[in-house]
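Working notes, structure below.
Per-chain numbering from 1; labels A, B, C, D and E assigned in written order.
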Amino acid sequence: MTYFFQLVVSGIVVGSIYALAAIGFVLIYKSSRVLNLAHGQLIAAGAYITYTLTVYCHIPIYISFVLSMILTFFLAMSVERIFLRRLIGEPIISVIMVTIGLMSIIDGVIYLTPFGSENLSFPSFLPSQPIVFQGIYISYTQLAGVLITFLLIGVFSWFFRKSTVGISMRAVSDDQMASMSIGISVPRVFGLAWATAGLTAAAAGGILGNIVGLNFDTLHAFGIIVFPVVILGGLDSLPGAVAAGIIMGLIQQFASGYLDGNWGLSGTASLLPYIVLLVILLFKPHGLFGTHEIERV
Amino acid sequence: GEVYKTALSLAITGPTSDAGNPYSKGAEDYFRYVNDMNLLGDDTIECTIRDDKYETAITKRNFEEFLDMGIVFYLNYSTGSTLALKRDFDEVKMPTLPASFHAGNIEGSDYIFLPIASYSAQNIGLAEYVVDHHEGGTPKVAMYVHPSAFGREPVKDIEKAIEAGLDIELVETVEHGQDLDVTAMIQRWRSKGVEYVISQTVQSPVATMLKGAGNLGQVAESFGEEGKMTFLGAHYTGGNDLIALAGDAAENFYWTTSYIVTSEPGAGAEAQLELAQRYGRDEKTSNSHNYANGIMVAQVTTEVIRRAKARGNEINKENLYQELLEMNGMNAFYPVTTVGPVTYSKDDHQGVDTLQLYVVRDGAFRAEGKPFISEYAEKIK
Amino acid sequence: MMSANRWMATGNYFTAYRQEQRIFATHTDRLMFALFLVVLFSWPYFIELSTKHMLVIDNILIAVIAVYGLNLVTGFAGQISVGHAAFMGVGAYTVASVAGVIGDQHVLITHAWPLMILLSGLMGAAMGLIVGLPALRLRHLYLLMATLSFQLIFQWIIGSMELFNQGQFMYVGRVHWFSGEVGRSQHYMFWYYALLVTVVVSGLGVRNILRTRYGRSLVAVRDNDRAADAMGMHPGLTKVFAFGLAGFFAGMAGALQAYLNRGAGFETFTLHESIQYLAMTIVGGLGQLTGCIFGPAAIRILDLQVESLAQWAGGILPSSLDLATGLRPLSFGLVIVLFLIFEPRGIANWWRIIRSYIKLWPFRY
Amino acid sequence: MPNLIVSDVTLTFGGLHALSSVNLEIQPGLITSVIGPNGAGKTSLLNCISGFYHPTSGEIHYKDRRLTKLAPHHVSKLGISRAFQNLELFGGLSVLDNLMLARHKDLSYNLLHAVFFFGKAARVEAENRENVESVIDFMELEPYRKQTVGNLSYGVQKRVEVARALTLEPEVILLDEPMAGMNVEEKEDMVRFIFDIKKEWEITVVIVEHDLGVVMDISDQIYVLDFGEVIGLGNADQIASNPRVVEAYIGEE
Amino acid sequence: METKQDGHLLEVNNIEVVYNDIVQVLRGVSLKVAEGGIVSLLGTNGAGKTTTLRAISGLLKPENGYIRDGYIRFRGRDITNVLGTYVVRQGAVMVPEERRVFKHLTVDENIWVGSVTRKDGQQKIREDHELMYRHFPRLANIPNRLAGYCSGGEQQMIVIARALMAAPKVLMLDEPSLGLAPLLVKEIFENIAAINRDLNTTILLVEQNARIALEISQYAYIMETGRIVLEGPAAELKQNPDVKEFYMGLTRAGGRKSFKEVKSYKRRKRWM
């Protein structure tokens, strides 16, 4: 039973990081219907920025964590400004392809920094002894990760429910022309969506870097696993992203906890999300909480 | 003087570039050193280094270009491309040293030579070490491997070794994904009574595993500590990168390779650091075992050219190939960067057969025991 | 009625719908195309290229065939596919696994290779149909996710099944031609011709599909699948069909690649590769047939150029290797983005502009 | 003898009854109009007939064929075509291509013919091009033939909608507000087209329209819907004097 | 340069509009809207009415069009080729054709979102919000329904209310009667007149339904193929025989023309 609960706890830990990563993706989709394939790269950028600030600029990690969120906020905003703004009004498919180009560009830029092909690890700043509760283990780093995730999710949900920005975002995603006609600045909304996406990505990157260390491949792979999560959640739903993140975390933990190593199975945890993805696509394409398209002819 | 053309194609960017990068610098620096110090008289070696981003198609293109250039010796990199180009190497009779120590590379090939003992030999060597140092009963071992041929091949060979009498119990083999949390796996191992974990993969998953195990308080503080797990790994799992990634969690990790490390003082370490310093390499590159790896293949290349020259033979691929085949017995080559001699012959395509075990103590790899040679690796052939 | 001048484009009216259907509007166009083909087939007799460049050209041609498929599904039918490399993998592994089972020197592999290539195309098509199946229920860009899943599941399957040698390289023997075994020295030239024929024949086939109801239905579902439904097309099936076509060309391309590389290994069919093909399609021109040729050529040539730039920079600045190689993904990404922003119709559009300029040449304004 | 029969059709969305027990009989060769306030269910009715919606209960038959559960592409193959209220054109294509697409179901060649083109495919394509041209001619769309549909003004797009429905060569054509956004002069043109569609092309016409002047003048038969129910039926005079209709729809003058 | 020439709130002077750099749609359109009035703009399909409104409200750019020549002035400020947001902030709001509601937002949210550009405090906004439900009582019954599922008339009310929430000086309506049932058309136009009267909102109206448009407006312009061909006080235009015949559907005698009389004839013209 302890084993089971341990899996649940680990699932939630992993899942909440997925959720945090997914939120940024959802924000962009919500406002512009764009699937941002370069989200993994934003996460990587956030992780590397946090690392640079901490290790090279000797800023205490909690400050550099926040600073990195701010920097990535502006980074993502300028990405939108430079590359995506020109595409307002173009078919969504082009914009999605631009994010594919962005993937490569950000990769290239990261390669130009000294980190491109390095394995790095954050200096540990929390006690390395785990917390043990009834035989269930959780490390301080993970706990901090979960807490930060939920804090950020809370702040964002509040922000989007309360402010008109949230409503404007939904309006813009619905009909750009009509939004312009009532004076919503569509570029501003997009800029804001990207910027906040950058902010959450940086947070996810920072936490991720602390948990598994900085390795370009791992960060990349993480960027891809976000897709099954957001599809499960329903692409444009923030609560969906959170629920789906945690569900996916649990699925993976249970897979590696109960499937792997038995019956000759192995690596199911990394495969299952994509199978889940396919199943969801087939049977519940709008995910758990996604908006159904209103289609009247 | 003459210019001898050689070439190296490897992943400087893309997957595994963390290894490929210092590797390329090692080779580059050593060839430069040869030319600068006139080690071949007024002849020089021109080694073209190309990035292939770990893509076989690009490796192939690079290789064809190298052939057009008229290279006489070739250095390759990944398991994938070495296997893919195996037939080409044989057809054009090109002596080749890859960075991959995959045992399958040299199967059915006359021209591919592994620089050091194969992954299989390394892993079996680790298992033998476990058997020799474990107290009481049959040690329970789990294997943690890369989800590819690179990771799987040694598992098969360990199984063969067990059949041949190696006294370990292989409890389970895990092919890792890109996991963020390994708690479940570690807990499962604990419940199955696993005492040793042998890894055959690259550093970052190992680092994640070690951190996870550390968090759960499962890492043995000394070899074979009762009720905990001792972690071991082969060449590409270790080195300073592992310490960089895993931090404190890397403590007491056992690692084997045939290369010297700079954290253990010695002639090899000095030579390596000196070379790095001469060409202005940073701290990290200088101390990388992959840098040593790159130097070593360049040394072998230089050595065969030197020997062929000394014999008064023309420097071409056939003659260099012959030199490789004769590099044994009295003619064994002792590069300072390895823990044993490089020996090749018609039916021995593994260079340095000797392995050295290292263990992390206070954030650095320290030699543990004397260099050894895996017995079972020979037995199962 | 005055007979139309079929040599010049200006002042050229059609007098029958049949004429408007023609691929080549004027005799001049037809002649130019024929000349172009002659050049393509004969240049190797006059110019000698290095093996490397021959290989590059062969790879471009393989990419052209693959991009035919990708452009049909993405450019024409509007479904982004990030699993195209996996479809190629299906083709390549069809040949490779058959070779693995019956031996890579079996006549089926070495002599009946055109058949094997066709078979691979069909396997690719079958896989395309399966992956496209969610289209029966899914709309919009959700299919992108299905192709992503396929890509990753494909990699997993190849990497873990014994039949596919767990992703390790599987060999395919050298083929035979009327003159006997095609040896190493003729290998790339031989495949150049084989590929060229495939490119030309498939190109004409695609062109024909595009000017018939099959091609139009692809564009229809891209533009408005509800309206397409009302026009009597099954929107889902049409998308599935598009994936089938894409799979077919990818499968053939994959098989050809397996023959050219003399085997298949899983590294050639990764997500990263899929994105490369997508880039080729974009740069060539989405929904533009000529783009299928320009795109692969442009991306491959760019790659070579950046490589030599990196090389050059590496020679000048000591130890600048990382700096120079970072340029590769950077330039690749920039090219995609710049094209999408400034020339969304791709190089094909430049081609059109040049052509219309030449056409009107005697009467330039 | 009616050939399109809607019997007892109910359509609900959640709790909302878009249609409740609607009965409708369309007589061949006539112009039938369906009118009613906004949200009365007129478009929903057409959607049910053409297969975009499936009734919650009730049946729809066309010449002994049951349409109730058929998908739109099936219905259009049976000879019922429609023009949409909110333009559903292929916005990125030219007028010509929009119409060529409507010929899809009548092109009788297979993929192999298409790949090799010459022969059957070429012949069929040319024939169809003629059909399309005659529709372009008929609907007076010549000036727009090669223009991108999305760039045309609203009124012209409506005309293309009708032309496309006509290109399907239907036996019954369903027109959803074909005259929305047109001025009197243009409405006259449209009326002329509709008369010709009825007389020359011998197509049964069903129109949903809000311009009562037009409806009253051209319809042979009028149905009035309100809140998903048929509240009136008859010819123009009967409708104009039906108090329920006046109250719900026309309003006091 | 003088501002507010003869009290005109909005002044369009000789503008030429080009789409995609080639298609010239407006060829010198000029019109003036006086403060507090209702002005109609009538014309055939494709005449360029929508384009004129887009030009004023800064919405040409997304359609790849721009004003090549001439200028537009609003409250004395030049608004030629400026961004839509700016125009809205200045107080000119357009209601686009085809009832473009935000389908996935509720009725209430749709109305609410109209106020995003306002800076005059929550209190005022809330008051206006209330006011909208008083103007459009139908909407008050369904504040939580998704706008995408509302009927055409309801949607038309939503977009008008949404635009009014920006507290505009000028409201530009593009074919508000499009697709509405006669009763609703009446209702909408009554509302428009009421808004004009109660809120003192100036209105520029593009309509096909000339009869009702001329009824409520003081002044009108008629456009054909990118030019203004006729203008004058509404009462005057109503008497113009051409307007009567082509726009109001009246016979010369003054009775309603019957569509039954439309000649059906087959034109024989072949392309070949």
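Definition applied: contacts are C-beta pairs under 8 Å (C-beta built on N, C-alpha and C of every residue); 3 or more make two chains touch, one makes a residue touch a chain.
What you see is a predicted model, and the numbers here were worked out from it, not measured in a lab.
A.B. asks: Give me the step distance from subunit B to subunit E, shortest route via touching chains only.
C.D. replies: Tracing touching chains, the least step count from subunit B to subunit E comes to 2.
A.B. asks: Using each chain's Cα centroid, which is most distant from the centroid of subunit C?
C.D. replies: Checked the centroid distances; the maximum from subunit C is E.
A.B. asks: Let me check something: if the centre of a chain is the mean of its CA atoms, which chain is farthest from subunit D?
C.D. replies: The chain farthest from subunit D, judged by C-alpha centres, is B.
A.B. asks: What whole-Å value do you get for the distance between subunit B and subunit D if each is reduced to the mean of its CA atoms?
C.D. replies: 74
A.B. asks: What whole-Å value do you get for the distance between subunit A and subunit D if each is reduced to the mean of its CA atoms?
C.D. replies: Their C-alpha centroids are separated by 47 Å.
A.B. asks: Compute the distance, rounded to whole Å, between the mean C-alpha positions of subunit D and subunit E.
C.D. replies: A distance of 28 Å separates the two centres.
A.B. asks: Multi-chain contacts in subunit A: which residues touch at least two other chains?
C.D. replies: Only 111, 116-117, 266-267, 270-271, 296-297 qualify.
A.B. asks: Of all residues in subunit D, which are in touch with two or more distinct other chains?
C.D. replies: 52, 84-86, 88, 133 - these are the residues of subunit D that touch more than one other chain.
A.B. asks: Indicate the residues of subunit C shared as contacts by at least two other chains.
C.D. replies: Each of 16, 160, 226, 322, 325-326, 328-329 in subunit C touches at least two other chains.
A.B. asks: Where on subunit C is subunit A touching in the complex?
C.D. replies: Against subunit A, the touching part of subunit C is residues 74, 78, 80, 82, 134, 137-142, 144-146, 148-149, 152-153, 156, 160, 226, 271, 275, 278-279, 282, 286, 322-323, 325-337, 340-341, 344.
A.B. asks: Report the residues of subunit B in contact with subunit C in the complex, numbered from low to high.
C.D. replies: 12-14, 21, 24-25, 49-51, 53-57, 60-61, 64-65, 67-68, 78-81, 83-84, 86-88, 91-92, 104, 147-149, 152, 175, 279-281
A.B. asks: Over in the complex, which subunit A residues touch subunit C? Could you list them?
C.D. replies: 35, 37, 83, 86-87, 90, 92-94, 96-98, 100-112, 114, 116-117, 224, 227-228, 231, 266-267, 270-271, 274-275, 277-278, 281-282, 285, 293, 295, 297
A.B. asks: What residues of subunit A sit close enough to touch subunit B in their complex?
C.D. replies: 3, 6-7, 9-10, 13-14, 17, 111, 116-124, 128-130, 132, 137-139, 142, 208, 211-218, 221-222, 225, 252-254, 256-257, 260-261, 266-267, 269-271
A.B. asks: Within the complex, which stretch of subunit D touches subunit E?
C.D. replies: 13, 16, 35-40, 85-87, 133, 136-137, 142, 151-156, 177, 180-188, 191-192, 195-196, 199-200, 210, 212-214, 217-218, 248-251
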